[in-house]
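In the two assemblies presented below, chain A is common to both, partnered first by chain B and then by chain C.
Up next is the complex of A and B:
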């Protein structure tokens, strides 16, 4: 019983982080129409900027978060402006954009490793002093509770914005058909830039959450991204709420899998799930 | 001088990898990012046979190639059902799975510690002990691979591959079972990668899973894209450039940790710039 509760709690936390990554990924995918692998690196940029401003410069927590998230968002915007936008105006195929984004991932990851070394680093200022809560015999840290609530807040805000604001309607129009959206006067280029900013910022929150929960390494971006992408695919790519549901489902399967086999097989379990879903339900479990 | 020959051996091994990946990416138009997995299978099987069984190198290399081929049969059959972005993603997933098997199946692969003291190749009592003769061996292997790839692409089989690349549906309408061709070329490509792996293992005399991670697959893909898709001469040139160029960084005097990251950074930048300005690579005949 206690074990089941603990697995459930772990799955909820991991699911919240995957859901954030899947959210940003889906947002970017549905407007720009390609698999942005470089997005994983921006989550890492968020985490490491936090490391710099929060632990090295010792700025207050709230200011540090704002700075880190803004920086990652701005970097996402810049990358879109100077790499993906020229490619899109050349009518490059999605594969070309994907290969370019692999390049982005490699460059950003290497730069982070040069600046901060490849060693494992944690964001918490005082390790061990975190408060721990007990729920039905399972253990959850204060940080994890905060992560969970932040993730839920971001998810519902984004959901409301997409549904009810003019901006959200424009984004959904671009997702439907960019060309038609442009014809009716939606400034699609500028909006796609903004989407990259928001998506990267959400990714950065996920990166910071990982940094507080387990710790950072320059290569964590790819693992995080793959988790998010797998979640997005399970839920049906482009389907925002499907991605969130997929994230929690993936987290549950992973955590049960880790408990059945062992921790080292986590990514194998995730990919096995992905391949099975793609083989039998290629458009996701929650197809619209 | 010995150092230059050492670079020469590495160029030969990467050349074989690039030629074989080009068969899949350049000639057939399938962007697979799992080549390091087959390279690794070849290396591990050959290394285990050399150290544990004491088999002759040339036999061990053949068995290694066979194992790579079998793995590619299973993986290729699944991959053949996907297209475009999903193909890339699932191939990445298989690379990850093979890598975690190398790390976690400790009783066979010795986990992250790897396999050491792999003997150099020997035939009729002659040992390819020093770099000079080894370069000769690697160059012969490269030449044979090159000749084989040229023959293969000029054959009727190669024409069907080009047909699949240009328009798979039309090719299948003409009565070609495109899935069979795709799986077969994937196997051939993987077996050649296995040969490169066996050469690598017996040359360096030590292997561990870190040589077969996803970023190694990205590196091989970068070689193929830089040299030119569907150009045999181009990809060998690409291998020479991408191996030799970062070696120049050594002389600038960076510490080794930074130099390794600088190399990654160079590969990533090359991918981005190529996608933006010359997606067909230096001598390529096909654009993604």
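Up next is the complex of A and C:
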């Protein structure tokens, strides 16, 4: 019983982080229509900016979060403006954009490693002081509870914004067909820029969450991205809620996999499931 | 027309420039016999074990300065190029290929992590360049070849010692193992488990994780449920930091015994506030206090990992070997013939390039550093 509860809690925490990554990824993918690998690096930028403003400059927590998330969002916007937009306006194919985004990932990751070294760092100011809650024999830390609620809040807000606001409708129109959207007067370029800002900011939240929960390394971006992307693919790419469901599903499968076999099988299980889903449901479990 | 003229001009410049460079290089290699002796160093200057790598580099710098100040080797100065192996295979291979192809080194000191050495070793062997490791302890490295030696003992001994210490001194009968899937972690874990079972103990959980993993919760959940007397944890420092933090969060009160990688002083400081009971095994050595203070003065730190002593000794035993042989097989043979008393102890290699070592001791984490248990 205890074991099952703990495995469940572990899965929920991992799922919340995957879900955040999948959210931002999905948002960017469905509007810009390419596989943005550079997005993983922005999560890392969020985490490391937090490290700098919160641990080095010792700013208050709330201000630090706002700064880190805004900085990562702004960087996402800048990258879109100066790398992806010129490429798109030259009618570059999604493959070219993918390759460019791998470049972005590498450049950002290497820059972070130069600035902060590639040593393992955690964001908590006092590692031992985290409060721990017990639920039916399983344990969850205060930080993890916060992560869970923040993730849920971001998911619902994004869902509501996309569904009910004019901005959300415009974004969905671009996602359906950018050209038509532009013809009916939607400023698609400006909106895609905003989408990159929001998507990168959500990624930054995921990066910060990882930094508090486990710890940061410059290379953590790719692993995070992979988790989020698998979640998005399992759930159906472009489907916001599908991505969230996929994230929790992936986390449960991973954790149950480790429980049944052993730790070293974690990624093997995750990717095997991905391949199975693709074979039987090429468009994901929750098709758009 | 204009364009092609420019192209031809640029090509000409490149040709002449390139030719000059090649010519120039020939010149300098002719002068090499009296120039400095080029040596490579590979160690984790960044990455998972950076806090072990930096003091090792400092120790090599100190030793090289001393050798050079005393006149060098046969009148020639030693010149070391330091490359970052990052405690991972890819970076170590890149580092070695740079040292071998561009650096023109006659020998490589390193790596520290077994992962590094296992990765670049074969490449150096093929290029006929002797490798002396100061910290790689994976038992599998004993099969590397005639040009490989290490003044740090193989984990065949450490795993066995850990198992015997667990069973006899700590009285543990049910042990859980959490390890990094790497040349180091897997190597030491296999020896440990074999010996522990032989003694009559029971392994109640055996959980591996990738060296880069930061989430150990599911493994720890299983270990907690298995209710072990002790947890054996041969992990690298970065992963160990995350693992200990999560163990604390999951209210795991079981005591830990780790391997020599836990001698990392940054790790010890980082997990100080967790209040966990952590011990680790390390090679026994009577490193003189004056050596430690010499290295600490160089690094600006307070604690000196044992790898500094072994790295320091490698410089001396290499310069002794260089007195009788220049490079290649002859240098390898000269290194193997070492019979030297260094700061880390007596160094003499067997037919696999291994040192016997002088046994192991146990340290305990205390107030952000480590103290000798016995």
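Methods note: the second predicted complex is superposed on the first by the 286 of 288 C-alpha atoms of A that agree within 3 Å, B and C clash if a C-alpha of one lies under 4 Å from a C-alpha of the other, contacts with A are read in each partner's own complex, and residues count from 1 in each chain.
Quick note on the criterion: a contact is a pair of C-beta atoms (placed from the backbone, for glycine too) under 8 Å apart; a residue touches a chain by one contact, two chains touch by 3 or more.
Bear in mind the structure is a predicted one, so any value in this text is a computation, not a measurement.
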item	value
Combined model on chain A where chain B meets chain C, clash or fit	clash
Contacts of A:61 with chain B and chain C, given as first, second, both or neither	neither
Touched partner set for A:3, first chain B, second chain C, both or neither	second
First, second, both or neither for A:149, with chain B first and chain C second	neither
Partner chain in contact with A:264 - chain B first, chain C second, else both or neither	both
First, second, both or neither for A:136, with chain B first and chain C second	neither
Partner chain in contact with A:99 - chain B first, chain C second, else both or neither	first
Partner chain(s) touched by A:274 [first = chain B, second = chain C, both, neither]	first
First (chain B), second (chain C), both or neither touched by A:164	neither
First, second, both or neither for A:220, with chain B first and chain C second	second
Segment of chain C intruding into chain B (one of 9-17, 117-125 or 279-287)	117-125
Overlap of the chain B and chain C footprints on chain A, listed as residue numbers	113, 117-118, 262, 264, 267
Contact footprint of chain A on chain C as seen in their complex	46-48, 50-51, 86, 178, 181, 206-210, 212-219, 221-222, 224-225, 237-239, 241-242, 245-246, 248-251, 266, 270-271, 273-275
Residue numbers on chain A that touch chain C, as the complex places them	2-3, 6-7, 10, 13-14, 113, 117-120, 122, 126-130, 132, 134, 139, 141, 210, 214-215, 217, 219-220, 223, 254-255, 258-259, 262-264, 266-267
Chain B residues touching chain A - in the complex, by the definition given at the top	31, 33, 78, 81-82, 84-86, 88-90, 92-94, 96-97, 100-101, 103-104, 214-215, 218, 221, 225, 257-258, 261-262, 264-265, 267-272, 275-276, 279, 287-288
In the complex, chain A residues that touch chain B	34-35, 83, 86-87, 92-100, 102-111, 113-114, 117-118, 222, 226, 229, 233, 262, 264-265, 267-268, 271-272, 274-275, 278-279, 282
